[in-house]
Amino acid sequence: MESNYEVRTDLALEASESLKTKEGHLTGITVQEEKLPDMDAVITKVHIETKNAAKRMGKPVGTYITMEVPGLAEDDTGFHEKISNLLAEQIKELLEKNGSVAEKSIMIVGLGNRAVTADALGPKVIDHLSVTRHILNVYGKEAYSQAVPSISAMEPGVMAKTGIETSEMVAGVVNKTKPDILIVIDALAARSTKRLYTTIQISNTGISPGSGVGNHRNAINEEAMGIPVLAIGIPTVVDAATIVGDACEAWWHESLKEPGPFPEEVRKYFKDLKNMYVTTKEIDEIIECISYTVSEALNSALHGTII
Amino acid sequence: MESNYEVRTDLALEASESLKTKEGHLTGITVQEEKLPDMDAVITKVHIETKNAAKRMGKPVGTYITMEVPGLAEDDTGFHEKISNLLAEQIKELLEKNGSVAEKSIMIVGLGNRAVTADALGPKVIDHLSVTRHILNVYGKEAYSQAVPSISAMEPGVMAKTGIETSEMVAGVVNKTKPDILIVIDALAARSTKRLYTTIQISNTGISPGSGVGNHRNAINEEAMGIPVLAIGIPTVVDAATIVGDACEAWWHESLKEPGPFPEEVRKYFKDLKNMYVTTKEIDEIIECISYTVSEALNSALHGTII
Amino acid sequence: MESNYEVRTDLALEASESLKTKEGHLTGITVQEEKLPDMDAVITKVHIETKNAAKRMGKPVGTYITMEVPGLAEDDTGFHEKISNLLAEQIKELLEKNGSVAEKSIMIVGLGNRAVTADALGPKVIDHLSVTRHILNVYGKEAYSQAVPSISAMEPGVMAKTGIETSEMVAGVVNKTKPDILIVIDALAARSTKRLYTTIQISNTGISPGSGVGNHRNAINEEAMGIPVLAIGIPTVVDAATIVGDACEAWWHESLKEPGPFPEEVRKYFKDLKNMYVTTKEIDEIIECISYTVSEALNSALHGTII
Amino acid sequence: MESNYEVRTDLALEASESLKTKEGHLTGITVQEEKLPDMDAVITKVHIETKNAAKRMGKPVGTYITMEVPGLAEDDTGFHEKISNLLAEQIKELLEKNGSVAEKSIMIVGLGNRAVTADALGPKVIDHLSVTRHILNVYGKEAYSQAVPSISAMEPGVMAKTGIETSEMVAGVVNKTKPDILIVIDALAARSTKRLYTTIQISNTGISPGSGVGNHRNAINEEAMGIPVLAIGIPTVVDAATIVGDACEAWWHESLKEPGPFPEEVRKYFKDLKNMYVTTKEIDEIIECISYTVSEALNSALHGTII
């Protein structure tokens, strides 16, 4: 049966789970899982290896590391340091595939709209970064006691406010400042409310059209930018139509063998849910807290121990 | 059949609609509707007249004026002036049941949490009010060119941050400053996404326990405060469990004659939706805009033309 | 010679220094100083003991503890913990003059205007407090693993926005909720730019009319509230007329034996400086950081080690 | 006598006044003044015509239009519309020297730091602009009922947070998106407190190193960007050392024929004033209000009457 509603998730992990059959994962997809019981955390690496698998998944070929940390949204400074270190390790692992970080120049891009709470993760991560490029440019490597990469950052804003595609804005600054690697930060949409503020996805595939809370139109990836692009994302919303559809179908499948298409009365609900999202009342506070954790992870992954 | 999920709405209009039968409204409830085609607006007055009707409705006895204005969230300064005037008229109508406003002292209370976008309506309305009490206290009536009521305002904050029930905080200041009338402003939960930022409810019943986005525990009404309490509310969220339940039941009723209780698989969805709400991405901008409209309506209703 | 300009400082330490003669401090004033070299900090306790001394100082009789910490505005988490602990000790010392804190109920009041950066210290301190009153009221002492005082908090706002004197607003809530002790937090004006964000004043005299960045009209002290009132303040601005006057007089005294009154040309400058203040560009960031340090000190002084 | 302190002003009008002699303005400088009594406003056009004059003035060759409007900071919606229209006329006049605006593509750059109140004018102006470039790119000219220029906008942030010179950030996006004209918005430093929020400077010279509240290091002008650059600036601060120096010298000159250099005691004051500025308590509210007026002026100057 064709789906009655468009399912939306930016998480490769959720996409791979929904395509899993009794026989296991799709051909072209490998999944490794590591449990970290002391943090109540799970790290899953989904490798999409073939174009065919990429098409089925609706995500580009590449590696997607997912950290599931139920305590991510808790207000516990000590625990956030642990998460931050764990995230720093994952970032380093993906970054160092191309050699030592300390000799690279890296630009970090905070995607999203600072004025929209659910979409403000990227801009707020930028607020707490320790950038070095301007200091290295003036004083050279002697400015730091150990090797430090050239780190720069930008907040491109959103097209509705700038009239410029985010990808154009980023490409312009990349062309001018010539970083070796891009890291983009974005707020994501998940399929399940259990993923909200509990999951971090790090991938080496950049950003695809239609992804993120702000729904970017153009890609920010290696093909478009000419340099490797890492993406770090955290789900902050669930698409309302997806969650209602999932609940309805769950009920249906328990009750009927052959559910047909939604009747008109039900389609009406889905139309009203367009551009609606599901989130929690604590979202303002949580975004503030999580953006700090991601900044600290980036500072630690890029600066090492010198900060 | 008993409901499979707890339905939540702060709107008397939605409550009365869901209890309507083919024969019409419940005994003890009268409903008057007025259409304003030039503004594409509808004003409905629901009078809950008996204790029995109040119990069925889950709302206290009193008058509930609902302004439905589809354009309320649009960014159109001219239209907002019209809405503001219309709202001012409704406020005046309820206020003047107790005599001329100009001789009264009135305190306006902005309920909710400024740091939570969906709950910030009340505090933001307070930001734009023209208060007069401190000026009248020092200079007397001569300070103004025409009769003006004594207007004061407060933002009590939320119990999780103050350790004090909102109702205690308000009662303390009422006892000290002795206003004649209270007006409380609050963000509400609606049942349908179509109500979001399109509906204003004005009632003479004050605030009941469990209502508002912030879910107040204690009443702020005439019984508790000793003076008449008007309440102005605008829906900013829909409870996620309510919307999913409504969609599921709609589908079900179209397909089966006798739907039973939710199976376990579906109950799980509802548990995950506890404390989740549905809203739009534009909520930050809309709260900013609507709070201004409500402030202007209050300034106009209380000051008349002198501002 | 009478002063050419009105000198403004909320710091007892600065007031006592300006009244110091070659023979030492004024009669009725005792000053003790303690140096803490590892933190580069100095703690000075000024006791104003007589009404006469109080009149000369322009500050009420009482104890004023001043912590001078040049690193207070630096962005160094480890150092802020140290400052926070040091401040907690001073608060405890003044609080425990009236017996054990754990058996008291304490209300903390954040004075000032959240929307004015230089005046936002008080409201922002409130944001990070751990209040307990509402939990103790429902669950009793068993809710905590060790004895904890009943802690509540309020942000009264400013008279221009509420129409209500801050002291009335506070008195109303004090009458209703009956705390044993008040602690008020406020942004202060210093005489010297060296004091900006480097000095914390803790006193047992409450708040006097005319003090604070917001210039309160009425007192919040034991006489007005009926319970002991501690005040914690940090200078965030210097009055512009004071700083210009001080510089002018310094030059003058170096050059002339008998400087006369300001000529008209100079008085003009002082008129233009009315309601102007001097501060730094970093004020927004510094208020954010310092308010957190004060919150942590209060949490630690009141909760002990349980948080 | 050489000056005892570095005088700082970003306003050409103040610079020209301080160089004025009894004989009139410097050679190479022409000044035209127009009074608008109904708005209590004065428009002054300073043309710096020679390199020599530019050097004496510390400002590049070009036209500087200064609108002095004492009511600019007042909260009066009707008056702000008038100012907005007047500003729109000045902008148009400078823009149209290069032909009709409607056929141009224009990028507006909001300089400064959103997180620093005194420096937030530029970013806040960007928030309220009506951009058109993305709509024209997709739908063509048919999207609008009359000819509209391609309008885009960006907020480059500040070097301390991005590691990238503002001028590099802007140049990168200019190279990529190819606008015909740049308009940069910035908060300025004035010499006199009377200029604060009462003066708007519009020039065709772009931004010079060292100017603006944020003190840009590199130029954003036609030479650097390859396209004409208009600059719109409003003083939000006065440098504290400048104001103290001016007051001291005024007193001095009234009292002594031959004032010498500052003695050590006085120099100490000036050192403490480094990086300090003078402003008013209302700055947060005023920036909010004025940024809106500038946005509206730009919308009106660029869109004509269609908005």
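As written, the chain order gives the labels A, B, C and D, with residue 1 at the start of each chain.
Note that in this section contacts are C-beta pairs under 8 Å (C-beta built on N, C-alpha and C of every residue); 3 or more make two chains touch, one makes a residue touch a chain.
These numbers were taken from a predicted model, which means no experiment stands behind them.
Taken together, chain A and chain D share no touching chain. Counting every residue number used by either copy at the chain B-chain C contact, over half are found in both chains.
With centres set at the average Cα position, the gap from chain A to chain B is 37 Å. Mean C-alpha position of chain B lies 39 Å from that of chain C.
Chain A and chain C have Cα centroids lying 44 Å from one another.
Taken residue by residue, chain B touches two or more other chains at 115, whereas all remaining positions touch fewer. Residue ranges on chain D touching chain C, taken from their complex, read 115-119, 192-194, 213, 240, 243-244, 246-248, 250-256, 260, 262-263, 265-266, 268-270, 272-273, 275-285. Interface residues of chain A, counted against chain D in their complex, comprise 114-115, 126-127, 129, 131-135, 150-157, 159-165, 168-169, 171-177.
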